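I'd like to ask you about the structure that follows.
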Amino acid sequence: MKLFKGLLKSPGFLLGAGLFLLTLILAFVVPLFMNVDTETRVGLAYMPPSAQHWLGTDHMGVDMLSMLIAGLRSSLEVGFMAGTIATVLGTLIGVYGGYKGGLIDDILTLGTNLFLVIPSLIVLILLSTSLEEGRSLFLIALFIGCTAWTWSARAVRAQASSLRARDHVNLARINGYSTLGIVMLHILPYLLSYIFMVFILQTAAGILTEASISMLGLGPYDSVSLGKILFDAKASEALTDGAWWAFVPAMVLITVVVFALFVVNTAMEGIFNPRLRK
Amino acid sequence: MIRFPAVRAATLALLTLGLSDCRPNKSDTSSGFPRNETVYVGGRQWGEPNSFNPLLGWQGWPVNAMNLIYETLFLYNPDSGVMEPLLGESYEVKDDSVEVTLQEKAHFSDGKPVTGYDVKYTFELGKTYKSVPVASFWSYITAVNLPEEGTLPPGKFPRKVVFVLDPKHKNPLVVLDQLQNQRILPKHVIEPLIAQSNNDINTFNNLKFDKDPIGSGPYRLHSFSSEKIATVRDDNYWGNDVFFKGKKAAAKYVVHPIYKGNEHFSVALQQGRLDASSTFVPRIWLKQKKGVHAWFEKEPYFPQSVIPMLIVNVEHKPLDDAQMRRAIAFAINYADIRELAVSGYSEPLQSGMILPFGLESKYFNAEDVKTHGASVYDPERAKATLKAAGYQPVYDEDGKLIETRDAQGKRLPTIFIKSPAGWTDWEQIVKIAVRSMRAAGIDARERFVDASVFWTAQNNGDFDLLMNTPSSEPSPSKPWSRFEFVLNSSDYAPEGEKMFKNFGRFNNPKAKGYEPRIDALLRLIPQLKADEEKAKAYRELNVLYMKLQPTIPLVYRPDQFYQFSDRVWKGFPNSERPFLPPQIPGDRLGTRILWHITPAG
Amino acid sequence: MLRNNPTLRHIAGRAGWYFLTFLVAVTINFFLPRLGDASPVDVLMARAAGGGTVDQKAQLEKEKQFLKDFGLVELDAKGNVVEDAKGRPVRASLLSQYKSYLFMSLQGDLGTSILQHPKRVGEIISTALPWTLGLQLPTIVFGWIFGNLLGALAAYKRGAFDNVAYPGALLISSIPGFCLGIGLVFVLGIKLDWFPAGGGYDDGLTPAFTAEFLSSAGYYYILPFLSIFLVVLGGQAIGMRSMCIYELGTDYVKYAKLLGIKESKILLYMFRNAMLPQLTGLALALGGMVGGALITEIIFNYPGLGTALLTAIQTYDYPVITGCTLLVTVTVLLANFTVDVLIGFLDPRIRVAQTGSK
Amino acid sequence: MAVLEVEDLRVHYLTRFGDKIQAVDGVTFSLEEGEILGIAGESGCGKTTLVSGCLGLYIPPLHLTSGDVRINGESIARMSMDENRKKVLGQKVAMIPQGALNSLNPTRKIKDMASDMILSHDETVDPKTIYERLRERFDRIGLDSVEVLNSYPVQLPAGTKQRVVIGISTLLNPKVVIADEPTSALDVTTQKAVIRLLFELMDERIISSMIFITHELPLLRHVSSSIAVMYAGQFVEVGTTEQVIFDGRMPYTRALMGSMLSAEPGQRDKKPFAIEGAPPNLGKPIRGCRFAERCPVVQPDCSSTTQELRIVRDRQVRCKYAS
């Protein structure tokens, strides 16, 4: 509890959380008050910012601000979805392996290493192309989550195996708790703050990955995303025509979101890792 | 600057490894191409070159873009409709054959003359080997004869070549297409090589011809890497005397850099690193001040010759209903497509598949289009047509379309438009189409798939609507070949089996409602001589097309774009000086530009 | 030998696991691309059918020929294509394809590209790889080194320096590489025209050991280099900083101070101990090279393996995909294995844990 | 003669907000050759600060307010950090740290860390002689020198590590050794061993005198010759071990003892907090007796009049009612 009070005192955390909150508001609250329309064409391609269209229009003559907001929203959604999947999978596998040790651990490690060995970006692309609907925002998020969990598994595993030898765990073992019971009651609780940090990082990673895929022109076909905005800007020559409004805002948004998450994470690290505290 | 040592070191490291990457012609030791002696062209080569084997269907530039190394018999000029001489001096279309007379002076880069034997051999390869491109040609001809053979004094060689038309498939147009499309190969080079690969064409196809291949063209292969392909002028090119009064081509080198996206070609053009390109450059008017020009200085900037369209699988509900197809045609906002997807590089769309301008305009009939045409943006008529045919759209409370229902109130399956992912201009067209169809109450959605999946789907008919540009090459057989490609059902195969034209399975001969007249007209037109007869036939065919609307034309496009930069070279043809058609140097007639341009400044 | 040398035994054990991973990975690499129902041959057909009017029979003949060339159909004893009732060629089962693949790759033959036929996969990789390595390797290594130095410095100095360096690094490392790339291209490449907007070297040159070419290549190298370098730098700096702060707080550092041991020595203690975990990071970064290359190469129109791979993926050019992924797999495994062993040697704590010798 | 003289030493911390915390407030004592002084007090009473004071180690935010520290008559209070490092630390005054278990660099062999220590004070020595010295010394403190010197900390059991630490700290035969709760983390047997070792070192004249710091008064009974009880930055009672432990005159001393003796196993870890209340905030000046508001026998004027150390029954006590 004291730790969380500490969080609220740390300027880093406040900065990060604040920034992130802003992006959330932009993505989910602003649309309630403003008409976000990514369909209707309101003018010609790449019209510069104006009174009606603060960020001008994109290559399809659609209001850029709307595109940004919609894009930000789906980017965040992907991030959360992928982050959650990756964290849950990774935690379960990591904790179990880390606690059990022995052969099971070795096999699980092999499994995780597999995913580290086969470049996840490639797996991702192949998976998404092998399915008819593979390019929907949801499935992309799913795939990202399913390829990213290995990292969290590794991280969590290390922590879990360090807990393994702790007295209270041994005690529980002696008192004949089931493995699951021990993991749930005596290991997970001690990792919670850590797992939460993993989640934050995974969310950021998810957002970045989606953006990268979209940058390759392999992004979701059923929705706007920041990465896709950038891809379109590049492909339809916003750079050569100097239409900065078509890509600079999107770039800034991605950076801000990721930055905010990183800051929050490091701030938490500072609080939860006593050695870093002072 | 702490990073510089890094840069240098890395560069060195890279090069020590990286030199495997370049195979400059050993005879030529120069490490560079002087800018004022080099013409840079772009847009005909994507990805690193695989092979320069002329029998392969998919070689690297400049083999795939004709007439730099290998040459065709004739050069079709899409502006005049004339087949201008190249290796062939003249030709004559007879009732049962096409007769070609070859140039006297033509010779290959190794000095050997280009003879009737070479021509005969080249075409007959398609008879022997099924996988070479020319193979298709043999379903239209029965033989290639050299009438003079045997009658010639020694030292002389046959110059008359006779292409005997297949009576069952009588089609002079296809022959003419082939004459301006088939590169003539040196028999004395190819034959032995095939023999060496013990007459197995696949073994032969593994030969890359990447060491100065022998052709009759004005340039020879200089060097290539995954970044560029370079050709060097052949100073004793036979054509210099025949066509250019002994003048040599202006540029010593023609180089095709290989970039990883349209935008890179566009940047290169604007920075004067590239002289001409056939890539799609959006909003060209913004680039004019940087010395980049198109055929016209104002809209539509390019002469158009092909029609990107939505191919309709007429066996899928509800697209089997002509009324639904017409409704779609009425629904689509063609102005949006023109202004947004193709930067306005198109005349306003007219119904039917005959271009209202250029050579085809003489077959174009305004009344027909007015009475039968559905390719006009008219949402109200779209809705009306749907209503009349008994379709009802269903909307949710805030006016969003949920689904479309048929007369019995059954939900119609969503119509998906398939298009290759990453083809941005097509993607944009599709998005606009979907947007307008939904606005009219038709439940349609985009489906962008990878190239591989796309082509498979196309041939197997596994689609509802599909983006495609029929007969996209310039050819004397227009507009017939366009109709042929879309309507011909003689090779009908059910969905799941491959078809290589008429992907929409239109006009199945076995099904009821079969229009025999269509196939009849397609067979008839190529054999017609008199223009008024042709006009009549085309008119009938076009009307049938508009009534049944088997496909949905979307916009007009050039068969290839044509941008040039006058920073380094001047004298490129354009609408003011149309001495050549808009084709970039190295490609078909565009090759002749190389004799007309001069260094700027 | 193994029996009485715990370290060796451990290494052997690890190697065993890595080899197992390798086998599984190879299998996945083979099957994954072949999951979808896409067919590269159809792409090939579409390309080959340029110009002229196509004829059904001829095309089907051609397709059969291709399928045969690329070993995608069942062949009977006489080597003819087996056909089904409708006269369509029968596709070869994945398993038989897999067998021949393993057989071939054991002889170091990665097969022939389908879309770039008759190019060999090995050829494609060997022409592209030098560029990828040349760009990625120095970038990652230098970024890693400077990043760690910066991080350590920030941790040790703290105060003003840290207050600038730390948020700075954090910000840079959260700029996605491609954003930085686009930014650099737009500002330095297109707007100011100080650096080339793309490419590996001047179009007017062909690669050769000439001062002209070298300087050109160096010049074209700068932007892509920066776009990756900065990101790596930032990331590493952050990691290293917190590691160092942790080390600075440890008892042994305090004690060393009280013993009057030289400041420089103490710093070395800290730096070395903080470094060890960073090594794993390096291994992973090196492993991710090819994947990471993709975007940079496309933004900067830079030669390399990334684009070869991407085009292969988009056209389902199985042999190329599998070849590239195989390469990646091997590099990652080697990188990880080396670090595993290396750390064992460098860090007694881990060695003891590994070998269980007290 | 006196090895170490601390004269009216005042040391303070400067917090980030500029507040001044007087952690050590006027401590005076001297350590004779061969003497073992025990310093006892609750944690937070200023023991550890006093130690760095004695070492002349003033690393911000710690600052010397006034007073002086002399070793063999030479003042070390105002030396530069580096001079102090070279001349004093490990050389004249050596520390034996609290958490000996983690005090050794895990990735460095014992011999290397040890020689680092020697070289840091004198670069001229050559490796061979160093190794000889190390072996000789480690054998002397009863360690299997060859094995220990050539192994990493992880490979050594706790007790050995403790010995190694002592060995390294005393390598340069320092005049004074300051042991800061060296035994707190150890089990009883090792505690005894450690203390015995320290005695041996003194008998062998390797170290000449020692300051032993702890919060467990009773521990000092068999260790130190005299004891100083510290409270809120000041000595409140200074006398022989017997005097302080069995006959404490300062209420605080008695409270400290009391809280121990009365402690039964169950609450051992609670001591010495068994005394009501908490030490005063040293952030602001305090009038009167600093123990006043916790003192069981407090008199009305205690908290008004400042207390000075005065002689009661030949020992120093800082309480006006002590008798």
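As written, the chain order gives the labels A, B, C and D, with residue 1 at the start of each chain.
As a working rule, a contact is a pair of C-beta atoms (placed from the backbone, for glycine too) under 8 Å apart; a residue touches a chain by one contact, two chains touch by 3 or more.
For clarity, every value in this text was computed on a predicted model and none was experimentally measured.
Asks: Using the contact definition stated above, find the chains touching both chain A and chain C.
Replies: Neighbours common to chain A and chain C are B.
Asks: Specify the chain most distant from chain B by Cα centroid.
Replies: With centres defined by C-alpha atoms, farthest from chain B sits D.
Asks: Count the C-beta pairs in contact for every pair of chains, then give the pair with the highest total.
Replies: Highest contact count among chain pairs: B-C.
Asks: Report the chain closest to the protein's overall CA mean, measuring from each chain's own CA mean.
Replies: C
Asks: Quick one: chain A and chain D, Cα centre-to-centre, how many Å?
Replies: 52
Asks: Determine the centre-to-centre distance between chain B and chain C, using the mean Cα coordinates as centres, and give it in whole Å.
Replies: Each chain's C-alpha centroid was found; their separation is 37 Å.
Asks: With centres defined as the mean C-alpha position, give me the chain C-chain D separation in Å.
Replies: Computed from C-alpha means, the inter-chain centre distance equals 57 Å.
Asks: Could you give the separation in Å between the centres of chain B and chain D, each centre being the mean of its C-alpha atoms?
Replies: 91
Asks: Provide the list of chain A residues touching at least two other chains, using ranges where the numbers run on.
Replies: Counting only residues that touch two or more other chains, chain A contributes 129, 234, 239-240.
Asks: Would you give the residues of chain B that are in contact with at least 2 other chains, written as numbers and ranges?
Replies: 261, 267, 421-422, 450, 453
Asks: Of all possible chain pairs, which ones touch?
Replies: Here the touching pairs of chains are A-B, A-C, B-C, C-D.
Asks: In the complex, go through chain C and note every residue touching chain D.
Replies: Contact set of chain C toward chain D: 250-252, 254-263, 265, 269, 272-273, 276, 346-349, 352, 358.
Asks: Could you pull out which chain C residues touch chain A in their complex?
Replies: 17-18, 20-22, 24-25, 28-29, 32-33, 35-36, 38, 170-171, 173-176, 178-179, 182-183, 185-186, 190-191, 238, 242, 245-246, 249-250, 284, 287-288, 290-291, 294-295, 298-299, 309-310, 313-314, 316, 321, 324-325, 328-329, 332-333, 336
Asks: In their complex, what parts of chain B are in touch with chain A?
Replies: 261-263, 266-267, 270, 281-283, 286-287, 336, 339-340, 343, 421-422, 424, 428, 431-432, 435, 446-450, 453
Asks: Which residues of chain A touch chain C once you look at their complex with the stated criterion?
Replies: 106, 109-110, 113-114, 116-123, 125-127, 129-131, 204, 208, 211-212, 215-216, 230, 234, 239-240, 242, 244, 247, 251, 254-255, 258-259, 261-263, 266, 269, 273, 275-276, 278
Asks: In the complex of these two chains, what residues of chain D are touching chain C?
Replies: 55, 57, 85-86, 88-91, 94-95, 97-99, 101-108, 113, 116-117, 119-121, 152, 154-155, 165, 168-169
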